[in-house]
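By written order: A, B, C and D. Residues from 1 in each chain.
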Amino acid sequence: MIDLSVNLSGIKLKNPVILASGVWDLPYREIIDFDRLGGVIYKGVSLKPKEGNPPPRLTETPCGVINSIGLENEGVMNFIEEILPTLKESNTAIFSNIFGESIEEFSKLSSLIRDVSGIEVNVSCPNVDKGGLLFGKDPNIVYSITKSVCNETDLPVIVKLTPSSANIVEVAQAASDAGASAISAVNTFQGLVIDIETGKPLLKRGVGGVSGPAIKPLALYNVYQIAKSVDIPVIGSGGITTYQDALEYFFAGSSAIQIGSAIFNNPLAPIQIIDNLKKWMERKGYKNLKELKGKYE
Amino acid sequence: MPPTYRILPVIENRSLGPYTYLRIEDPEMLLVARCGHFLMVGFSSSIDPFLPRPLSLFEVEENSFSILVKVRGRGSDLLSKTREGENLKILGPLGTPFNPPESGVLIAGGIGIAPLYYQSGWMKSGKLFYGTKKKEELILTREMEERDFTVKTITQENGGTVCDLVRMNKNDIEGEKIFICGPWDMIRALKEILGEFARNAFVYLERRMGCGLGGCKSCAVKTNSGYKLVCQEGPLFPLSEVRFD
Amino acid sequence: MIDLSVNLSGIKLKNPVILASGVWDLPYREIIDFDRLGGVIYKGVSLKPKEGNPPPRLTETPCGVINSIGLENEGVMNFIEEILPTLKESNTAIFSNIFGESIEEFSKLSSLIRDVSGIEVNVSCPNVDKGGLLFGKDPNIVYSITKSVCNETDLPVIVKLTPSSANIVEVAQAASDAGASAISAVNTFQGLVIDIETGKPLLKRGVGGVSGPAIKPLALYNVYQIAKSVDIPVIGSGGITTYQDALEYFFAGSSAIQIGSAIFNNPLAPIQIIDNLKKWMERKGYKNLKELKGKYE
Amino acid sequence: MPPTYRILPVIENRSLGPYTYLRIEDPEMLLVARCGHFLMVGFSSSIDPFLPRPLSLFEVEENSFSILVKVRGRGSDLLSKTREGENLKILGPLGTPFNPPESGVLIAGGIGIAPLYYQSGWMKSGKLFYGTKKKEELILTREMEERDFTVKTITQENGGTVCDLVRMNKNDIEGEKIFICGPWDMIRALKEILGEFARNAFVYLERRMGCGLGGCKSCAVKTNSGYKLVCQEGPLFPLSEVRFD
C-alpha cells in the first residue's frame, strides 16, 4: 500500500496534489472528483467584489498561457456564505486564497475567514495595479503582511511568492520569519504578447502572467533554491502537467504541488498525476513520499 | 446533465464549402446535447497548442456528433488536418442551453452558420439571413430550406453584407425572435440596424477561452450588468444586454 | 521595393536578422546563406581557451531547450586568427561576443579584437561560476565593464543582458550611460531540470539557461520595458522562430533581432523570417522598418 | 559534399522486430551518404518537441533512405507513429564518415545494430557479435549472414550479454578491427574485456544533441585529448581515446 499523505507543518493532506487558485470554480466538481484531491485552493478573494480586467484576458503562448484576469471575484463574504459551504461537501482540504491592496485589507480578510485548512496569501499577482507582485517583490512588505495575517488567524498561513522578485529566497525567508506555515512557489511570470494586427499588446494592461509547461524549468529552479534555504515546506507550482513533472518538483524539494493551467489542457491531469505517482512508487518500491524525498515531512 | 471530459476518435473528416466537417464517435452526446451548447476541443497528447478550442455543436446523431471548423489560426488548422482514427479531447457539452422558439429569424455571418444550423434542427421553421464574403462560403442553404426555413443570402462579392440584407428585409423580422451569430463588427452593426427589434434579438458571442467551465474567468464580455462569462452564462446573450464600448 | 536595412547607432545592417551567439559555428555556413543575414554574432570567446562544462550540456524543455555549455571556446586568438578571416568571406556584419571573469579580462579582450562590426559583451551567461550573470545582475559592475570596454575600443559596444537581474531597465541604463551603442536583451533564463531516474539535476551544475519559444513572452516583456526607457537601440532575443515573433519584437521596440535556438528546430528559420517579413510588409504596404516601428532608427 | 536541410516525406512505416523502420523519400541521399553518417530528424511544424533527434542512417537506396527507431521517450515515440505522407525535417548527412575495412568485427547491443548494419553494407565480410535483452529484439541476423557475416547472438533471457559473448569468443577477434555500438555501460565493460584488442576498437557514441552541426557544443564527450564533439568528430571514436571517468 502506497501512502501518499503529506503533513505540511500541521496541515494534513491525503495526497500532495492541490488544485491551484484561479483556474477552477465550482463547476469543475462535475469533471474532477474533488474527494480524490489532496486539496483545493479557491480563487483569490478580496474584501469587496472586483470586476476584473477588460477582455481579452487570456491567450495561448508556446506551451503555455498568459492571463490578465485581474482577480475578478465576488468578495470574501460571498466566499464564506456561498462557496465554502458548497466546497465543504467534498472530502478534501480547502484553502482560501486572499488578495488585499494594503496590509489592513489582508488582516481584515484573514480575520473573517474560518473553517478552512489554511489561508494562502497572494502577494504575487502580476495583473493588478495595486498590491500583487509589487508587494511580493519586497521582503519587508511580505514580512509585514505575513505577520499581520498570522496575528489575525490561527489557521496555517501559506505565502504565495512571485518569481519576479530580485531574490526570492530572501522573500521566502521573510515569510518564514513572520510565521508562515508554508510557501507556495511560484505564481505566474510576467510576460507580454503583442497582437501583430494592431501592433499593440494583446492584453489591455500590457503585461500578463505566464503559466503552463513553458515556465516549468524556471519555476522549478525557484522552488529548488527556496527549499534549500528555508525550513518551512514549499508547495511547488508552475507548469506541472504529468506525474513526471510532479516528481521533478518533489526531488527539487517541494512537499506538495499545485496544478493550475494543466486543467485547461486536460481536466483530469490532477487525478492522473495521483494515480500515476502511485504506480511509479509501486514500481520503484517506495512506500511513502518521505522515503522519496527525505527532506521534509 | 453535467458535462464530461473524454478522449474520442474522429471518424470522418471532409470539406463542407471552405470549412472542415469533423464527425466524432460518441454514443452519449445525443442524450445530453441541447440547443446552445458548445464543446472545448483539445489535441490529444499535445501541450502545444496548450489550450483546447471552443467549437459549437453542429450536428448530433445517434452515435456521433460533428463540428464545423473554419481555419483561422494554428489550432483550427491542426483540427482541420485531423485524420480519421485520431483522438481529440472533448469537454462538454458546455454553456447554458436554451429552448429556441418554434419559429424565428436566424442571422448568420460566415462560419456563424454553425451554431445556427444546429439551432435550426430544434425549430419547426423560420427565416435565415445569411451573408458571406464569397459565394463558395454559402453552405447548407438547401438543407435549411428542407428544414422549412426561408433562406435569403448575400455575398460581399455580389451585393453586400448580411447587414444590408437585413436592412432590405426589415419587414420580415417584425415580431420575430432573432438569433445572430457572426463577427463582432457585424453584431454591432446589426444592433443599429435592428433598432427596436433588437429587443427580441439574441446573439452567440465568441471569446478566447481557457477552461470553458467557468473556472478561469477569461471569457468575460461586458454587459449592462457587468462582466459575464461567455462559457457559463452564454454563449447566447440578449443583444440588448451586450455592451459595445 | 522593401528596404529591411537598419542602423543601430551607426552599425549598418542590411536587415535586422542576426544569428545569436553560441548556437552556431562555421559548419552552419553550409546550411544558412550567411550573405543573406543582417549579421552574425560568434560564440563567446574568452582570453584563454575554455573547455566548458561536463556533459550532459543540453536537453529539451517544453517548447524550448536548457543548456549548460559553460562557454567552451578556443580563445580569442583562435577567433582572430582562424575564425574571423573565414567569416569575412561572407558578406554580412560580424560581431564578436566576449566573456571575461574580471573587468580586466573584458578590457584585454576588447583591446585585441578589431575588424568586426561590433563587440557584444556577454555579462549574462548563467553557466559559469565566475562572471556571467553575476556581473550582469549588478548595474554598477555592468557600468564598469562597459566603460572599460568602450575605453579600449572604437568599435560599437553592445551589452547583452540577463533577465535574472532585479531591475533590467536599471542595468540597461547603466550600460547606456557607460557608452554602449546598443543593448541585446535577453540571454537565457535560469532554469532547472531534474532527471527523475536519479532524482538529481540533469545538468551537472544544477542550473542551466532556458531558451526557445517557451521564454518568448517573458523575454519580450523585458525588451518592451528596456526599449521604453533607454535611448540606445535594443536587439531583441528570446524564442524567435517565425516572422510573427519577429514582428512582436519590433512592435515591442526592438530595432533588430537575434535568432538563437530556433536554428536547432529549423536551420532555415533566419532566412525564412527575412523572406516572410518582406512579404508581410509588402502585403501591408510598408516600405521600411522605420515606418513599421517609428521608435528607433 | 556538405549536408543539406530538407523537408522530406515518409513513404513507409513498418515494424522491424520491436523497432520502427521508417523509409523516407529522397533522391539525393545516395549521392552523399557514407559510412558513419547520421541525421538530425525533426518534426515538421512543431515547436514541441523542439529539438530534432539524432538517428543513424540504416539503409540508403536509389530514391530513399531509411532509419530504424527504438522508442525511448517522447521524440522516438512520435517518430514511430509517423504516417506515410507525413513530412520530417531532415538535416544531414552529418558527422565524420570513415572508410570501414573490408572485413572486421562488429559488436552490437540492442538498437546499436542500426549503424552497424549500415556499416556492414560497406564491407565485404566479417563477424557480428550481437546481444539483446529478449529474443524478439534480435533482428537482421539472416540479412547479415547474406552479407557474409558470421553471426553470433546472445540474449539476456538466455545466456547473458554481448560482453559475455565477446569474452567467450576472444580468439575470433584477434588482429581484427572492431566496431562497437550499444549502451554506455556495455562499451565500458567491453573496454575491459577487450584488453589489448581495445587498441583496434572503435565505438559509435551517443549524446544528447542540439544542432548536430558543431554549433552548440552540447554533444561533448570526454577523451584523452579533452572534450570532443560527437556530432562533428564522431560519432565514431577510437575506444582507447574515450574516457569513462
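Annotations for the structure displayed:
Methods note: contacts are C-beta pairs under 8 Å (C-beta built on N, C-alpha and C of every residue); 3 or more make two chains touch, one makes a residue touch a chain.
This one's a predicted model, so the numbers in the text were calculated from it and none came from an experiment.
Using the contact threshold fixed earlier, the set of chains in contact with both subunit C and subunit D is A, B. Taking B-D and A-B together, the chain pair joined by more C-beta contacts is A-B. Averaged Cα coordinates give subunit A a centre that lies 35 Å from the centre of subunit B. The distance from the centre of subunit B to the centre of subunit D, each centre being the mean of the chain's C-alpha atoms, comes to 53 Å.
Rounded to a whole number, the gap between the C-alpha centres of subunit B and subunit C is 46 angstrom.
Across the assembly, subunit A contributes residues 61-64, 212-213 that each touch 2 or more other chains. Residue numbers of subunit D whose C-beta contacts span two or more other chains: 47-48. Viewed as a network of touching protein chains, the structure reduces to a complete graph with every chain in contact with every other. Of all residues in subunit D, only 47-48 touch subunit A in the complex they form.
In the complex of the two chains, the subunit A residues touching subunit B come out as 22-28, 30-31, 43, 51-52, 54-65, 67, 69, 72, 212-213, 241, 261, 263-268.
Residues 62-63 of subunit C touch subunit B in their complex. Residue ranges on subunit A touching subunit C, taken from their complex, read 61-64, 66, 165-167, 189-194, 196, 199-200, 206-208, 210, 212-218, 220-221, 224, 239, 244, 247-248, 251-252. If you check the complex, the residues on subunit B that touch subunit A are 2-5, 42, 47-52, 75, 89, 91, 207-211, 213-222, 226-227, 232.
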